[in-house]
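Okay, got some structures for you below.
One chain, chain A, links the two complexes that follow: it is found with chain B in the first and with chain C in the second.
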Partner chain A sequence: MMKISLKNLPELYSFIAKKNDLYLPIFKAGQVDFAKWDKDAIVDLNKLKTTKSAKDVFFPQSQDLVRFEVDGKKISIDEPIMPTNKQVIFGVKACDNRSFELLDMAFVEDYPDTFYEMRRANTTIVTLACAKPDEACFCKAYGIDAADPKGDVSTWIVDGYLHWMPNTDKGIELTTEVKDFFELDMDNSAVENQQSEIRAIIDRLPYSNIDLSKFTPDKLLELFNSPKWKALSEACLGCGTCTFVCPTCQCYDVKDFKTKTGVQRFKCWDSCMFADFTKCAHGNTRPSQMQRYRQRFMHKLVYFPSNHDGVYSCVGCGRCVQKCPQMLNIVKVIKTLGEDK
Partner chain B sequence: MRKEPLIPGIGVVTDIRRDTPDVKTFRVVGLDGKKPFEHIPGQCAFLSMPGIGEALFSITSSPTNTEYMEFSIKKCGCVTEWLHQIEVGQQITIRGPYGNGFPVETDFKGKDLVFIAGGIGLAPLRSIINYVRDKRENYGKVTIIYGSRSDDDLVDYEEIKNEWVNEPDFSVYLTIDRETPTWDGHVGFVPNYVKEVGLDNTATAVLCGPPIMIKFTLANLQELGFKTNQIFTTLELKMKCAIGKCGRCNVGDKYVCKDGPVFRCDQLNELPNEY
Partner chain C sequence: MQEIMKQAKLKAEELLTKGVVNRVIGWTEGDFSYDCSPATFTLDNLDKFVYTEFCGANLSKYLIEESKKEGKILVFLKPCDTYSFNQLIQEHRIKRENIYVVGIECRGKVDIDKLRAFGIDGVLGCKTEGDKLICDTIYGEKTVDKVDVMLEKCLSCKGKKHVVYDELIGEEVVEEPKDRFGMVAQLEAMTEDERYKFWQNELSKCIRCNACRNVCPACSCVHCVFDNPDSNIASKANTDRFEEKLYHIIRAWHVAGRCTDCGECSRVCPQGIPLHLINRKFIKDMNEFYGEYQAGEDTETKAPLNSYTFGDREPHEFDTKEGK
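== the complex of A and B ==
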C-alpha cells in the first residue's frame, strides 16, 4: 500500500488531469456531484454521498448519438463522435462502484451500447471507503462492503492521509504513473482499524439487515398483483427525483434537436415515473401513477433479478430515501411487500 | 469498432401505395438499391425522419422478397403523419431487424395455420402469410380471417382478392364491421366470424389486431377448443431503443422489443396484465 498526505492531493489531481478527464466530487451550486476537475474546483472527498450518483461518467444525462443533414429528399449521416478521452473517476463509494457492474449488465449484454462500453474501457475507477455511513445507507443488504470498495484502485482516508491500493491492471497502470507523489505505507493497521470501525457502524444502521428474501422471480405475479401497491404509491408525485439520483436507473429517451445546419439525435435520461413515458399513438400501458411506481420497484427487485441471475438492481445507496419529497422509497416497498402474508 | 445499435442506416422510399384512407404501404430499399437487411416474418424495424422522430413498424413484406422491404403504416402520430405526406424518392433512416419473429421454421412447420387479423393488424401477418405462400410445401392448410371497419379499410385488398383467394389450400374470409353499399361480403365483427367459419381446433392460430379484438377472439378460440399454446399473437408497445434498454416496452420481466413482439398466449398468461 502507499499513502499521500491530503494536502498534497491537489498536485496529484493536477498531474492526473494532464492526461485524463478527472472526475471528482465537486461542490457547485449548493451541492456536491461528480464533475470534471479543474484547478479552481472545490473538491469534497468527505461528502458521504454526491447528490446525483456517479453514473453520469459512463451514462451521461445527455449523450449525442449522431448528426444528420437533410437536403430536400436526401439525408446524410455524419460519422458519430465517440468518447475516446481517457477518464479517471476518483472518490467513488462502494455502492456507486457496484452500480457500474449493474449498468454493465443493462448496457453491455445483448446489443452493447458502444458509447457506454468505450467510456467504461477508457476509465480508471478510484474508489474511496465510506468513513461514516449514514442511517439511509443499506449497501450491506446487497452484500456490498463500504469499508473495502474494490475499484481499479481502492483508497481510504485516515488521519490526514489517503491510503492507496491498486487492484486491477488499470489500477496498477495509474499507480505506476503517479507513484512519485506517494510514500510507501508498510503499516496497514490504520486502514484495518478504519475498516473495523466502518463495519461496526454499518452493523448498527437501521436498514442494514433489511429482508429481501421475498423478492424472487418466481413471486413475480404475486408481488405484481399485491393490493399493497395502491397505498404505497398514493403520495407519489411522479416527479422522477428518485430515478435521477439513482445509480442504477437506466431508462432513456432518444430525441432529435434541430440545429442551424442539421439534426442532432441524442439520448438522454428519462424516467419510468413520468406520465407520458409509455404513452404512444394507441394508448398508454401504464396510465396510473400506481402502475408507474410499481414498475420502478418491480424492475429493481424482481424483473432485473429475473433477467440477471437473481441480482437486484439496487445498491442501497439511500439517495431515494433522502431525496423523495414524499418520503416514499425502496426501503418502504421492501418492508411492506416483504412482510409475511 | 462495433456499430452503435441506435445509429441507423439510410433507406429510400421507392413506391407508395394508398391502401385505405389512413393506411399507406411504403416500399424501402437501401442507398445501394438493395433490400436494407434480412429479417424473419414478425420482426420490426425503426423508421425515422431526422427532426420528426423515430417509430417502430412491423415489416409487412415477406423475407422471401429479395428486392425490397414494405411497411404498411396507419396515420396516427407524428412520424406516421409525416410519412403519409412524403413522395417517392424520399430518404428516411432505418434500423433493425428487431424482435423474435414468428417461429416459422420450428413450431409452425407442418401445421395448419389460421391467421386472424383486424384492421392494420394485417401488416405483420402479411409478412408470414406471403412467406407461407412461397414455402407452401412446409405448411398445411391456411385459413385467413380478416376484418376491418369498412371495405375501404381493408389493408392490401388487391393482393388478398387477386392472389390469396386463388392460392391452393387457402381459405380467405373477409368481414367488415357495418354494412356499406359497396360490400356484398360478410358483415360482422372478427371474433364472432371466427366461430362461424368452422375452424379445425388442431390448427395453430396467429392473431393480430386491436386489443379488444384480441381479447374476444382469444375467448372464442378457446371456446372452439384451441389451447393457449396453439395461439400466437404479436404485441406493440411504446419503444425508443428496440434493444431492451430504454425501459418502456416491458411486460413484467419480458421486453416486447427483444423477447417479443411474438408471444404464445400461454406464455403471455404468465406475465402481468399490463399490455
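== the complex of A and C ==
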C-alpha cells in the first residue's frame, strides 16, 4: 500500500488531469456532484454522497447521437464525436462502484452501447471507503462492503493521509504513473482500524439488515397485484428525482431537437415516473402514477433479478431515501411488501 | 408539537366517526422523523398520522384530485398552505364543497438538508424542546437552534394567520410577517454579469426532474408544455445552457401573479436551487408596479396581471437598462 498527505492531493490531481479527464466530487453552489476537475475546482472528498450518483461519467444525462443538416434538397449527416479521452474518476464509493457492474449488464452484456462501452474501457476508477455512513445507507443488504470499496484502485482517508491500493491492471498502470507522489506505507493498521470502525457502524445502521427475501422472480404476480401499491404511491409527485439521483436507473429516451438548419438527435435519461414514459402510438402503457411507481420498484427488485441471475438493481446508496420530495422510497416499498409472508 | 398532533388526530377521528368526512389528508410517519410523507387516512390507518416539525409539505395541490372523489375530505393546512388553497379555489381547480379545512398551528418547519449541512449526519430521530431541536443520530445526540435549520419558506414566513378554514386547532401563534425580499434586493443590486453568473451557477445544477413543477400548486395544467413532444422544448434533459434557464423562466412567467410564495419549489429541489427567488422577483415587481398584492389572500381580488386600470404602468416606462 502507498499513502499521500491530503495537502498534496491538488498536485496529484493536476498530474492525473494532464493525461486524463479527471472527475471528482466537486462543490458548486451548495451541492457536491462528480464533475470534471480544473485547478479552480473545490474538491470535497468528505461528502458521503454526491447529490447525483457517479453514473454520469459513463452514462451522461444527455448525449448527442447524430446531427442532420438540411440544405435545400441536400441532407448531410454529422457523426457524433466518440468519447475517446482517457478518464479517471476519483472518490467513488462502494455502492456507486457496484452500480457500474449493474449498468454493464444493461449496456455491455445485454445490448452493447458503443458510447458507454468506450467510456468504460477508457476509465480508471479510484474508489474511497465511507468513513461516516449515514442512516439511509443499506449497501450491506446487497452484500457491498463500504470499508473495502474495490474498483481499479481502493483508497481510505485516515488521519490526514489518503491510503492507496491498486486492485486491477488498470489500477496498477495508474499507480505506476503517479507513484512519485506517494510514500510507501508498510503498516496497514490505520486502514484496518478504519475498516473495522466502518463495519461496526454499518452493522448498527437501521436498514443494514433489511429483508429482501420476499423479492424473488416466482413472486412476480403476487407482488405486482399487491393492493399496497396504491397507498405506497399516493403521495408520488411523478417527478424524476429518484430516478435521476439513482446510480442504477438506466432508462433513456431518444429525442430529436429541431435546430434552425436540421435536427439534433440525442439520447437522454428517461424516468418511469414521467407521464410519457414508454408512450407509444396507441397511448401510454401505464396511465396511472401508481402503475409508474410500481414499475420502478418491480424493475429493481423483481424484473432485473429475473433477467440477471437474481441480482437486484439497487445498491443501497440511500439517495432516494434522502432526496424524494415527499419521502417515498425503495425501503418503504421493501418493508411494506416484504412483511406479507 | 406532541400536543397539537394529538389534537389533530382526535379531530380527524371525530369527523371520520361522525361521518362529516370520509377520509383525511395529512402526513404519515416515516422511520427517522424527517421522512414523513403526505398520505390519506381513514379510521383504519389513523394511528400512523403525524404532525411534526418535518411536515413542511403543502397538501393543497393533492386536493385537485382528491376533491373530485366521492365524499368529503378533511385537509390539514398550515397558514402558508391556506394561500395555495385559496388560489386553487380562485382558479376553479378544487371543489370547495368536498373539502373540510382544518387550519393547524405552525411554528416553523425544519429542513433536513440544512441539518445535514450543519454537520448533523445520520439523523435517526428529532424532537423540539423550546427553540432547540434535539437530534438522535448514529454518531450521538446533537442539539441545534431550530432557527438555524428551518426551511427557507419558514424563515420568510408570511405570518401565522390562516386565510381560509372551517375550523382551527392549536394555539394562535402571533408572528409578524418576515422580510421576503432581502435576497431579491441583493440580486437586483448586482451588475448584470454578476447576476448572470449567480443564476448560471445555480441553474446549471438543474437535472430537469420536474419536482418544482410537479409540487407547485400554481402548476396545475393537465398537460404541461414541457411534456408536449410537439413543442420542441420537451426534452428530458437540458440540451444546452439556454435550455436550463428556459424551463425555469417560462415556469416563473406562467405562475406570475398566481404564485403565493409557498416555497415548495425550493423545498423539493434535489439540487438546492433557490427557485423561490425567481418567483419573488416577480412578486416584488408586481407589488411595486401595480400595488401590494398577495395571491391567495382571498378568492375574489383580481390579480394584477388579470386586470387593467388606467393607472397601470406602460411597458415603455420600465427602465430595462438597470436590469430592473
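Here, the second predicted complex is superposed on the first by the 331 of 341 C-alpha atoms of A that agree within 3 Å, B and C clash if a C-alpha of one lies under 4 Å from a C-alpha of the other, contacts with A are read in each partner's own complex, and residues count from 1 in each chain.
Basically, contacts are C-beta pairs under 8 Å (C-beta built on N, C-alpha and C of every residue); 3 or more make two chains touch, one makes a residue touch a chain.
What you are looking at is a predicted structure, and each value in this text was computed from that prediction instead of being measured.
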Room on chain A for both chain B and chain C (clash or fit): fit
Chain A as apex of chain B and chain C, Cα-centre angle in degrees (nearest 10): 90
A:K150 touches, of chain B and chain C: first, second, both or neither? neither
First (chain B), second (chain C), both or neither touched by A:R199: neither
Partner chain in contact with A:A281 - chain B first, chain C second, else both or neither: first
Partner chain in contact with A:K219 - chain B first, chain C second, else both or neither: neither
Touched partner set for A:D253, first chain B, second chain C, both or neither: both
Partner chain in contact with A:K86 - chain B first, chain C second, else both or neither: neither
Partner chain(s) touched by A:N307 [first = chain B, second = chain C, both, neither]: first
Touched partner set for A:D270, first chain B, second chain C, both or neither: both
Touched partner set for A:V321, first chain B, second chain C, both or neither: second
Shortest span in Å between Cα atoms of chain B and of chain C, once chain A is used as the common reference: 8
Footprint overlap on chain A, comparing chain B with chain C: 253, 258, 270
Complex contacts: residues of chain A adjacent to chain C: 28-31, 33, 48, 51-52, 61-62, 132-135, 201, 204-206, 231, 234-235, 237-241, 243-245, 253, 255, 257-258, 264, 266, 268-271, 274-276, 321-323, 325-329, 331-332
Chain C - residues contacting chain A, complex: 30-32, 34-40, 45, 57, 62, 112, 117, 121-124, 137-139, 201-202, 204-205, 207-211, 213-215, 227, 229, 232, 234-239, 267-268, 270-273
Residues on chain A engaged by chain B in the complex (per definition of touch): 65-66, 68, 70, 73-77, 80, 82, 106-107, 110-115, 117, 217, 220-221, 224-225, 250-254, 256, 258, 262-263, 265, 267, 270, 272, 277-282, 284-286, 291, 295, 298-299, 302-303, 306-307
Residue ranges of chain B touching chain A (in the complex, touch as defined): 1-10, 49-54, 76-77, 80, 87, 89-93, 210, 236-238, 240-241, 243-253, 258, 270, 272, 274-275
